[in-house]
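To start, the structure itself, in structure tokens.
Chain nomenclature is as follows: A, B, C, D and E, assigned in order of appearance, with residue numbering initiated at 1 for each chain independently.
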Amino acid sequence: MGGWIVTLTVLAPLTASLLLLVLPASRGLLVRLVAALGAGITLPASLWLCWTYDLRKGGFQHELRIPWVPSLGIGYHVGVDGISLSLVLLTSLVITFGVFASWTQKTRTKEFLALLLLLVSGVFGVFVSRDLFFLFLFYEIAVLPMYLLIGVWGTSSKERTKEHAAMKLTLMLLGGSAFILVAILAIYFVQPVRSFDLERLATTRYSPDFQTWAFLLVYVGFGILAGIWPLHTWSPDGHASAPTAVSMLHAGVLMKLGAYGVLRVGVGLMPEGAQHWAMLMGCIATVNILYGAMSAMGQTDLKYVIAYSSVSHMGVVMLGLASLNPVGINGSVMQMFSHGIMTGLFFAVVGLIYEKAHTRDTTRMGGFARRMPGIAVTMTVGGLASFGLPATSGFIAEFLSFYGMWLRSPLLALLAVGGIVLTAIYVLRIIQRVFLGPFNESNYADLRDARTTEWPAIVALALILLVVGLWPRPLVRMIDSGIRTALPWVQTTQVAQYPGRDVGQR
Amino acid sequence: MIGLQHYLLVSAALLGIGAFGALTRRNAIAVLMGVELMLNAANLNFIALWRFLTPYSMEPQVFVLIGLTIAAAEAAIGLAVVLNIYREYGTVNLDKIAELKG
Amino acid sequence: MSVLAPTADPVLWLIVLVPLFMAVVAGILALTRRLEGAAPYLTSIGTGIAGLVALTHRPSRTHGYLGHVDVSWLQVWDRFHIALSVHLDHLAWVMVGVVCAVSLLVQVYSIGYMRGERGYARYFAYLSLFTASMLGLVVADNLFQLYVCWELVGICSYLLIGFWWHKPSAASAAKKAFVVTRFGDVGFMLGLLFLSVAAGSFGFTDVQHAFARIGSGAQQASTLMSNEVFLWVVPLLLFCGAVGKSAQFPLHVWLPDAMEGPTPVSALIHAATMVAAGVYMVARLIWLFTWSSVSAPLRGPLAIPLDVILVVGAVTALIAATIALVQNDIKKVLAYSTISQLGFMMMALGAGNTAGQATSMFHLVTHAFFKALLFLAAGSVIHALHHAPDPNDLRYMGGLRHRMPWTALTCGIGVVALAGLPPFSGFWSKDAIAGLLMERAGWFGHRMSPEGVLQLGADPDVASFGAVVALVVTVLTAFYAFRLWFLAFAGTPRSQAATQAHESPAVMTLPLVLLAVPSVFAGWWLHHNSLLEAYLTNEHGAPMHLTVAVVATVLALAGAAMAVRLYLKPSSGEDPVCGMPRPLYALFSNLWYVEAFWSAAVAPTLLKLGSTVAWADRNIVDGTVRATGRGIVRVGYEVRRMASGQAQSYATVIVAATVAVIVLLVLYEAAASGGMP
Amino acid sequence: MIELRALLPHAVLIGVGLLVIALDILHVRRRFCCLGAITAAGAFLVLVLDWQGPTAALWQGLAATDGFSRAFDTVFLLSLAIVAIGSVGSEKCAVYAGEYFGVLAFSTLGLMLAASATSLLALYIGVELTTIGLMGLVGFAKTEKRSAEAAVKLFVVGAVASALALYGAGIVYGVAGTTEYHRVVEALGTGREGFPWLMWLGLACVIAGLGFKIAAVPFHLWAPDVYEGAPTAVSAFISTASKAGGMAGLLRFLVVALGHAGDRWLPIVVVLSLGSMLLGNLAAIAQTNFKRMLAYSGIAQAGYMLVAVAGAWAPSSTMAVSAVVMYAFLYAFTNIGGFLVAHAVAEATGSDDIAALRGLHKRSPFLALTVLVVLFSLGGIPPLAGFVGKLYLFAAGWDGGQVLLVSVGAGISVVALYYYLRVALEAYIKDPDDASPLPLARPVGVALAVCVLGTIAIGVYPRPWVSLGEQAAKALAPSLPARASVGTPEKPTLTGAGRVLPNRS
Amino acid sequence: MSSIHLLAFLSLCVLTLVPAVMVVTTRNLVHAGFWLLPCLIGVAGFYALLEAHVFVAVQVLIYVGAILVLILFALMLTRDVMDPKEPQTNRLVWWAAGSCGAAMLITAHILFHHPWRTTGMVPMPAAQQTAELGRALIGRYAMPFEVASVILLAALVGAIVVARGPRRDAAASIPAGEDRP
């Protein structure tokens, strides 16, 4: 039962996507409803999965295995643990609201939604796959529609055309998957049993030499999608050019695929390799945090600011991961969730602003809070989460990541913490430029706040940020249970000074 | 004493000369002539090997027969192609038949 | 260090939760159009309830109250566990009282002050949220919770300063306040990480024990640094947070700008409570700072964090006081005076130990009352002068005592208290600080109190410096306080608006009066039998030094007298303070160039850094990517030329390649097998 | 008797060829359509007979029908059928329909022989039959100047390559005294002296002939010109079936005849593979003509297949043959689809430039979808066949220790995507200058649908094709005694990869 | 015997290779075509020397009788575009000469270093040889022989279509899949 529900999250968007292809494009509402159904059904499904997940038992649950190509050891094997469950939940949230955010999409709606759902199906697939082959397959399914989505429905900026952005994004990401491909083959052939099943693969202890270079491949390959410096340059152009729902999904969910891949395939299978490269990962993550934040400071285009902020925030994800201890990895996954929601919110809001103001140039805005108070509030909530203000989920995530990194390398954590100031600077600056100050009535006479179908996305996402920030325990418990079983060894990792006693009081 | 090597050497020389012709002649028909020389070389090769290695095997003989057939077939199709090109381009100069490139 | 035997009582949660709940309710009301008017009452009631709860749970020195403990908020594996709880000990209790009282009065006052403003309910929601955060900070039981509330207080201040967001200056000020304090927060967070990792816990007691162990060498602090460095660095990092939040030099620049917010907000958060958070935090962790001086590897000026605190406090007090001399904006004068007084509190903390803690808390309490009073009075004036070109400018005022007698009177009380004239509250607390510093400086003969090593505070030389500064600042304070009053209320109206000013409504004057009472008596009352000191510390507070009192009073009177001489007579000409030596005036009126340093050096550098990195990303990092792409495409065009279109060239390649393969393989084989066969 | 039954498919195919020529002469009504259908039906008939037929040695050991040949025959015959149906829209060849389909059938026969060949004699006959047939077919577009040029180029290059191959076959004969594979194995023995330098000569010449067939670098230069000039359906056939035929011949020759000398021919194959992947993909970037781009892409695809072939050098490798078979299948579906789109577009717009595809999504959504599927499959994007196929090829290469080739292949695939995506850009993203709907002949539509479905089916459920490939591999296996079964950990040692530590508890 | 053999071999070499060189270098293509004749006959002579009697006849019949005539015929047909004054070689001369020369050298080198295992056996007499070949062609090699006929058929059909002029009347106007008028 559970396994089929897991499969449903993959198949529902896919089915809807295929269904859309055969629907007549003239039936606009029907098309949208089918898409909304295909996307929306994943939300109750993932909630059900969360609800029925046995936290005490932990590990992978709701599993389903169907042999696919037995002679090669390929099998359709899905299941969720705490880590993937939280990301599945994130994905279902973002896509459900993403469809709403693209409700007003005018041109080639049908194809847009079909591709969007195809992409989402890939994302779900990656998160639930227990088979390396399928994981990689879904990974690529998730990446490629971006090309068309940006190319067709994107917007060109002054410096970069959308075609350029789409091409760069696709090529860089698929360049990453070339690394992954090599790594997967290496893993497949190095262990005695010809199998892609992660469960089987995890029973092998790979030699340290092998882990050293294979992990690096996995890290670089998946890392490109996670936006590691200096291979992040697809991200700003790509996100800035993409249409709203796509940016939401891409920055919100897709970038997590990269981090998830590093976590699941890299850290999960090759702990010693991870140990070997932990400092490199940590350094790059720190560069990401600072560099992304500084770049964001230097932008005037609203979407570029958000895009660079994603680079910075993904740095936090990777930082937590690089710590290789429970706290840091919890923080990392938490940041995946948090950043997913946050950036989804950002892009939704920015999309609305662009739609209503017809510009993304922040130097030409100001005082928008007068006409769009709701948007201003939600954007501010996102901004607060972005610089890790307590009571938002961003804080929990960043704090845990920093704490985790601190245990490994205080120096890096020290540098990374500096990012919170930089983030505050650009976030507040952008909020000031867009929403505060005097309002120019003549230029933006017809500026309006969000409308009916636009509300659910931004309000819900903002609320999630707050709720998780105020009461993080359930989510962290879920993530933690996943890490506990997926990476039992991290507990014993000897890093700087892991507190021997309970952290907390009494 | 004239042995297998010498025949094979003649064959190789013929192959080289034929190849040279096929590669350097501008005229498409002259190219065909070069190719015929090359096929002859291959046939001579077979016969020489047959004579000195396995004089009772029929395989090389059949090979030569096939080679001859193919020489004929290539001559036929080649000349047809050349005539066709002559009609389309008004020349059989291969240097000038280079619209498709890159 | 007192050992508390806490009593668990979930009711204590109400201290935080009720204002929070009211904030949410007010926030929801803000969405409606009709019910906005109910918001202030709800939030006031909320604050009142919080105060009442605190009042009914007065902890003794040995008996704290603990909120419900088992609220597991975050747990990672078995090791990292954060539980929320509230903890009301004596220090927190005092602070809760101040916060609730001031907040309540400010809210009442705001009912009148903010009437008719757009976002009326929103304003009260913010105020209530602020109150909740501040209370949360005060009753926090561990460093983590403290940090959380610390940040929340910061964001509330952002929201309140930027309440009139459509004013560019307000928007900028809000941003500045948050960002500048955030610089300090980074230090705080780092200190927090250091400390909690070393202690394996966030709880105050655990941290305290760990710190002691590290100080005694029983525990290795961290792989990153030696125990000595740890003991020196961690307190300083934590202090960074206080520097930001309590507007100490050099991060004080945000506070004057913060006056862009509504005046009651200034009264509440930028005078009475929020800025006190830094002081409160240092006071809360005073054992840590003290321990660091105990364990400090070497003694000498600035060798220990306490020295640093003291010096920073002194510098802040001095700089701010001098700047306050020349300000014309009534709120700016008060703002700098706040900074200066916060410097005083820091000086007291720098003196170290529980005595410092108690003294600074003493000043914090008295200051909260009279500064809130002053701000509210200023607000009253501004409210009355809202038709003036710049209602904040002292130069447009004058002679208001006739038009606004209540305001003038209460403001006068505040001014006298601020100036530190006996018997008003300011006198007692300032006197205590000066006395403490002098004692630490050894001016009274004995350098070290009998309790021994734990009494160690700041270096005597540093303390001497602090004492001198305190005395100097006393003069300056008296001068600018009286200057303010005289410019505003004495003489004749200097503008049309001033002549038409009216006294504010009762809802505004009532809080003034209510605040005036503690401004007058609180000092004496608390000093009487060293009430606060005894409550906060184990020891019986040091008796008042008569010499100190006399000297301080004389100095304050001197300052006041100068102000009276210069400003009593209405002068139509230039402001007399302009008559001071030119370089000094330039220095003061240019804010000691600190502001200029930030706005001309730091901020542009940061922004420049941003645009440079952005440029580099565009052109170097991304440029490399694009160049790679272009390079590959170019190679493609080159490769393409291989196909020349000439049929025989294709065949030639085939023949040549075949030959090449044979030759190469044969050569390779020959080389491998060592020669021709 | 068994041999005759095994020969039945070949005979029937000749019959089909003769039948369509005869029917053309007899002026059958609705000629083109009808003849195409007959050819396709004939292809299916042959396919059925082929699968019904026994596994046997043909021509007294010169050739054989076995799992390997049947797998490749299926590729050829499917290609023939699809191309036959897809050709129906083509005006250019309509005039000589009978001859067109007849020669196509004969060429297919040649390919089947090449796949069945267990001697160089049979291989040579098969390859030449195909080449000579195709030389004619390329020139079939009588109204096209380019067609004539393509034919003459194919002729010049093909004739030289064929002569080289014949010479090479002679040399091999000279070394081994025979060209029958199993006897070549015996003659060569396993020792180092069993592979004299003379064998290099023969091997290089034979590989040159087959390299020409599969259009591997450096024997590739004819391909773009010929593909561009030839009637598009013929290009489709050359690029898929003919390439697969060459690959089949090469594979059987290398694995069966020279299976023990894998380390000898490995460097050659590695160089061909590297060159093909790199040059093919790089040159494709610069193309503006769609067919030409597909040609270069085809060169690169040959390089990918050669990765697996290179993997076959190691006696322990188990996947190479199977991977190539599967890739040949999916490549047939995919690439024929690509060429047929070019064909359909060219029929309507008169141009087969990439620019002619502009705004295809508005003009013909079906074609746009098809072109996307084709391009993404070629680019190796799941869930399309190219993904699984390429993964399988690379796995096979890796299995044979060809880490360098796999890495280069994986990397250069990204470059490949650049030009595939550029076409997708034109077809799917840009808006057309002229938005009028594009007519699509129904037979072409059917052929395209088959291609698309095939591409997707293989990608989504590769299992049947994998097992087909494994059957083919098994057919070659007896000649490889050292071949290990699936699941053995032994394999060529890679840097650090070889050691496997004991399992964690 | 051996000296006669040597003499014959050498003269055949001259008879074959010199004309071969002339074939590929003569500017006048008709002359080149005629130079082909001694060359092919020389090859036939080699066949005779190697006692492959059948192929002497076949060589003369097919090459000299058919292919050469065909080539000369084509040369005549396209003669109007040939200008003997122009160089008849393209720019690849040096490349081609290099590769072909290298090919010859390396081949010669390899040939002379190969440990040939020649047999002393003498081929069958001519009549028996012919009979054996005939038997082989209807026996073991029947199928290849049949396929060779298919090759010829395919070549012929292809050649006819390609060589024939376009059917201008029909070609351009027939819609896809429609009847021919």
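Here is the rule we use: a contact is a pair of C-beta atoms (placed from the backbone, for glycine too) under 8 Å apart; a residue touches a chain by one contact, two chains touch by 3 or more.
From a predicted model like this one, the values you see are computed outputs, not experimental measurements.
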Each chain counted as touching chain A and chain D at once: C
Farthest-lying chain, centroid of Cα atoms versus that of chain D: C
Chain whose Cα centroid lies at the greatest distance from that of chain B: C
A-C or B-D - the one linked by more C-beta pairs in contact: A-C
Chain whose Cα centroid lies nearest the overall Cα centroid: A
Centre distance in Å when chain A and chain E are each reduced to the mean of their C-alpha atoms: 68
Inter-centroid spacing, chain E versus chain C (mean Cα positions, whole Å): 99
Between chain E and chain B, distance of the C-alpha-averaged centres to the nearest whole Å: 5
Centre-of-Cα separation between chain E and chain D, whole angstrom: 30
Where chain B touches two or more other chains, by residue: 8, 15, 18-19, 22-25, 31-32, 43, 53-54, 59, 62, 66, 70, 73-74, 77, 80-82, 84, 87, 94-95, 97-102
Two or more partner chains touched - positions in chain E: 90, 92, 95-96, 99-100, 103, 106-107, 110-111, 113, 140-141, 144, 148, 151, 154-155, 158-160, 162, 165
Multi-chain contact sites of chain A, meaning residues that touch two or more partners: 171
Chain-chain contacts as defined at top: A-C, A-D, B-C, B-D, B-E, C-D, C-E, D-E
Residue ranges of chain E touching chain C (in the complex, touch as defined): 90, 92, 95-96, 98-100, 102-103, 106, 109-110, 113
Complex contact set, residues of chain D against chain A: 361, 369, 372, 376, 381-383, 387, 391-392, 394-395, 398-399, 403, 406-407, 410-411, 413-414, 417-418, 421-422, 424-425, 428-429, 461-463, 466-467, 470, 486-487, 489, 491, 494-504
Contact set on chain E toward chain D in their complex: 106-107, 110-111, 113-115, 140-141, 143-144, 147-148, 150-151, 153-155, 157-162, 164-167, 170-172, 174-180
Touch list for chain C against partner chain A, complex: 69, 72-83, 85, 141-142, 147-149, 151-152, 155, 158, 162, 165-168, 170-172, 174-175, 178-179, 182-183, 185-186, 189-190, 193-194, 196-206, 220, 222-224, 606-607, 609-615, 617-618, 621-622, 624-626, 629
Contacting residues of chain E [partner chain B, same complex]: 2, 5-6, 9, 13, 16-17, 20-21, 23-25, 29, 32-33, 36, 39-40, 43, 46-47, 50-52, 54-55, 58-59, 62-63, 66-67, 70-71, 73-75, 77-78, 81-82, 87-93, 95-97, 99-101, 103-104, 107-108, 111-112, 116-119, 121-124, 132-133, 136-137, 140-141, 144-145, 148, 151-152, 154-156, 158-160, 162-163, 165
